[in-house]
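Consider the two complexes below, in which subunit A is the common component and subunit B and subunit C are the respective partners.
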Partner chain A sequence: MSEIAVAAPNNSFVASRRRQLVIALIVFAAIALIPRAVSDVYTMNVLILTLLFAALSQSWNILGGYCGQVSLGHALYFGIGAYATSILFVKFGIVAWGGMLAGGVLSALVALALGYPCFRLKGHYFSIATIVIAEIGLLLVHNWDYGGAALGIQWPFNPDSWWTLQFARDKVPYFYFVLGLFAVTWLVTYAIVESRWGYWWRAVKDDPDAAESLGVTVFNSKMGAAAISAFFTAIGGGFYAAFVSYIDPESVMHFRFSLLMALPAVLGGVGSLWGPAVGALILIPMAELTRSYLGGTGSGLDLVIYGLLVMVVSLTQPEGIMGIFKRSAKKADAKVEA
Partner chain B sequence: MSSGPIVVCEKVSRRFGGLVANDSIDMMVRRGEILGLIGPNGAGKSTLFNLIAGSFPPSSGKIMFDGRNITGLPAAKLCALGIARTYQVPRSFDSMSVIENVTVGAFVRYPRMLQAREKAMAVLDYVGLSNKADAAGSELTPPQKRRLEVARALATEPKLLLLDEVLTGLTPAEARAGVELIRKIRETGVTIVMVEHVMEVVMPLVDRAVVLHLGKVLAEGAPTAVVRDENVIAAYLGDRRRAA
Partner chain C sequence: MTTQAFLQVLASGILIGLIYALIAVGLSLIFGLMDVVNFAHGEFLMLAMYAMFGLVFVTAIDPVLLMPIVVGVMFVVGVAAYAGVIRFAMRAKANPGMVQIFATFGLALVIQGLAQYFFTPDYRNIGNSWLGGKTLNLGGVYLPWPQIYGGVISLLAFGGLYLLITRTDFGKALEATREDQGAVALVGIDRNRVFALGWGLGAALVGLSGAVLAVFYYIYPQVGGPFALIAYVTVALGGFGSIFGALVAGLIVGVVEALTALILPPALKSVGVYSLYLAVLFVRPSGLFGRL
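Up next, the complex of A and B:
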């Protein structure tokens, strides 16, 4: 009797996990078909950026959403990835794949070194520290002669190749690369969230003291989340450098990037598997449209609209857009039971 | 090692600035007993409780658990060694479901997801919350939240369970159900220390009581003896001679 009671919920748990995975694979496959229908370069560009920021926000969500450590300095990790990849390629001839990996590892190490003092801070104080540190990083790079200082780094033009990750004419390979990156970040999140680490992160977010009393090593949990989050953010930064072929401090480390990583998750639903992607799908095309139709001076109108959207969402729907789905699913369940 | 007292406090003191909350306390907890830690408000019960749970280290003195010195060890480490606690004001993880709350505790002994979930479900069954397994932590009533806290603590398979005012503020029927649960837990061999200031609730339940007053041990012994102790009566009701 009691054995049945124990086994049954695990069965439905395993089944729902499997269903989530199948749905995700179908979504990835459907996205992979998009380039067959879209040939317009501008649209393809918007789609690539949308997928890139879906992946970046998914990475941000690991630390900011699940573990509850709201970082507004992820532009630093994005920049580390972009600079590591660019310098290794331009000055040492190391292909982008190696550069991204190196940038990811370096970024994770930096996240650990910064986390050591910063994770002693709580709530808003932590967020403020992340902003300040990212700004210091931006200033340092501005004055870093070897890294091109304010002029940045121009990638040499090479023939199209997956090896160097350079495609001058056809943008479609970039599309598949970011789709892959998004799929990997989604799958990593999916795997960790329903594991000991994932539960520990959520417990740390809800009540660190109670978590500690249940054997959760709070500090280490935060450090782990930060390292994983920084690693994937840097890979995204490395890709971005290869994609635009020219980087300077403002174009990869501006505070705007920190916002663009956090906002999709906040809009879509922090600490949810699809929240960052849903948020990116709304925000990134909107940002591109406002920029192309309302003047490309970077006046920040898109940020004004984001701010409004986030305010509306957090006032009316604190769990983000995914919260609506969750609630209607629950209502449906209740109806079935009744 | 397995027969001596499970907890020994030697000259344990804790100061908060100028306030001495615990002043050179000597006491011990016997293996398998239910010990009541009682005393009027401000006696230092919660401080001593938090010192044993590892919420903060003592200013001086030594705390032994299960034959080893645990003075100053962090709470997470103590949990792994076999000390679990509940909070006076329930602190459930409100964004997580009931079963997920309990699974957090089970992960200390069962690192793998499915085993941890099984353990969590078994514990929920045990405390009578299995019908709420999929509810959000925030949806529970206050007495249910208390049960959730106990379930979460039990999922860590403790040797010593520290209960901070779990029976306070319950209706008589809820309190009776709580008492029953605590007895049931003790029968599985878990040692229990409970902080309470409502004497009539704890006295029939505990094997032994330690009374604290102004940061010191005022009396110690069987509950029936302790309540007749003149010093204890004076501490709770005030000293008649001085009042007059």
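Up next, the complex of A and C:
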């Protein structure tokens, strides 16, 4: 009897995990078909940015959502990735693939070095420290002559190729690259959240003191989450540099980027597998559309609408948009039980 | 470096530090009262500066005389922000910290967008005023009058705030609410009303600093950003919720910034402040005068 009682929920857990994975693979495959239907360059750009921010926010979510450490300084890691990739390519001829990897590793190391002092800080003290550290990074890069200082770095133009990751006319290859990046960040999150680390992170988020007393090494858990999160954020930054072929301090390290990486996860649903993607799917096209239709004149109406959206969603859906699904799923379960 | 040059830097640092303290104290007050960090704080400052600019433009009366009106307007803005946004953010059952951050951030974007819509992204400044462009020569140390005025206003505001909190019923209600939000209801204090007045007071204080700043600083829709960052650093350095901490930290920030500008290129003047802040925080995670 007792064996069955234990085995039953376990089986359903495995089944639901498998179902999640199958759904994800179907979604990725469906997204991969989009370029067949879309030929317009503007739409393609919006789609690429949407997938990029889905991937970035998924990376942010690992530290901010699952582990509960609200970083508002991820622009630093994005910038490290963008600068490492650009400098290695422009000055040393190392292709973006190597540059992104190097940027990712460097970024993870920086996250560990910064995590050592920062993870002693709690709540708002932690968030504000991350803003300030990213701002110091921005100021230093601004005055870094080797890195082009305020002028930034222009990528040379080369023939289209997957080797250099440069495509001047056809943007579809970028779409596939960034879809791949999003899929990888999703799969990594999927794999980790139900592992030992995933449980540690949620324990740390809910109550660090209780977690510590139950034998979770809170500090190491945070460090692990920070390193993984920073690694993928930097790869996104490296991709962005290749995609736009020109970077300067403001365009990759501004505080705005830190918020843009956190926002999709927050509005979609922090600490949920699909939250960042859902949030990015709403926010990025919305931002691009309002900007092209209302912001072109610099009137500021695009900001008003964007701000209202952020305000209304965060006030009415504190659990994010994914919270609606969770609630309706709970209701359905309740009905079945009744 | 001569003693005189050093005194010049020190005096400038103290004067701007007093203004930083005044910008920060409203943020700290609101945080101490209800654990909310207002990410639209810089936009409140910007709004006050535009309010002053608009009033001077329309009435042609000197900014010094218009100051009380700007402060009054900002008090209303603060109460409205509480009633319209923050009240709902406080009710969030899940992720309250993030809801507050992003609800106030959304509010910041709306205010910035509106400022851009009504005033365009152009840089404005108040050209003629009684104090504008005049300096005081104090034995070879030159101090601009607008900054002296700002420093004096800041000290008066801190004095007034101290009296308000220690001597009035409202101050006692404020203190009681921050101690225990639940218990105050038992003695007949309306928590919501205290919060709304707290937001009004916080916004009025940042409004006062905006009214002072508008006399000698450029006014544009993004002007709040850099000042807000300084304010967050000041509040975290002094300790969230500590009013005395905001004053001391503001002075430290002003002086360190001025001294850094002597050593490093001007573009890096904030690096000194930020580094000091981080160093202090790593030794005292809750700031100089903070309670955690």
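Here, the second predicted complex is superposed on the first by the 324 of 338 C-alpha atoms of A that agree within 3 Å, B and C clash if a C-alpha of one lies under 4 Å from a C-alpha of the other, contacts with A are read in each partner's own complex, and residues count from 1 in each chain.
Rule of thumb we're sticking to: a residue touches a chain if its C-beta (ideal position, glycine included) is under 8 Å from a C-beta of that chain, and two chains touch if they have at least 3 such contacts.
Here the structure is a predicted model, which means the values were calculated and not measured.
Student: When the two structures are laid over each other on chain A, which of subunit B and subunit C touches more residues of subunit A?
Tutor: Touching more of subunit A: C.
Student: So, A:S314: does it touch subunit B (first), subunit C (second), both, or neither?
Tutor: A:S314 sits against subunit C, while subunit B stays out of touch.
Student: Applying the document's definition of touch, where does A:Y199 land relative to subunit B and subunit C: first, second, both, or neither?
Tutor: So A:Y199 only meets subunit B here.
Student: Could you look at A:P117 and tell me whether it touches subunit B, subunit C, both or neither (first, second, both, neither)?
Tutor: second
Student: Looking at the overlay, what does A:F13 touch: subunit B (first), subunit C (second), both, or neither?
Tutor: A:F13: touches subunit B, not subunit C.
Student: Have a look at where A:A210 lands relative to subunit B and subunit C in the superposition and call it first, second, both or neither.
Tutor: A:A210: touches subunit B, not subunit C.
Student: One more residue to check, A:S161. First (subunit B), second (subunit C), both or neither?
Tutor: neither
Student: Could you list which residues of subunit A make contact with subunit B in one structure and with subunit C in the other?
Tutor: none
Student: Write out the stretch or stretches of subunit A touching subunit B in their complex.
Tutor: Counting only subunit A, the residues touching subunit B are 2, 5-7, 9-10, 13-14, 194-196, 199-200, 202-203, 205-207, 209-218, 271.
Student: Hey, which residues of subunit C end up touching subunit A in the complex?
Tutor: Subunit C residues touching subunit A: 31, 37, 85, 88-89, 92-99, 101-103, 105-117, 120-121, 221, 225, 229, 232-233, 236, 240, 265, 267-268, 270-271, 274-275, 277-278, 281-282, 285-287, 292.
Student: Where on subunit A does subunit C make contact in their complex?
Tutor: So the residues of subunit A touching subunit C come out as 70, 72, 117, 120-125, 127-129, 131-133, 135-136, 139-140, 142-143, 255, 259, 262-263, 266-267, 270, 298-312, 314-315, 318-319, 323.
Student: Mind listing the subunit B positions that touch subunit A in their complex?
Tutor: Within the complex, subunit B contacts subunit A at residues 53-55, 74-76, 79-80, 84-85, 87, 91-96, 99-100, 103-105, 107-108, 111, 113-114, 116-118, 121-122, 125, 130, 133, 152-153, 155-156.
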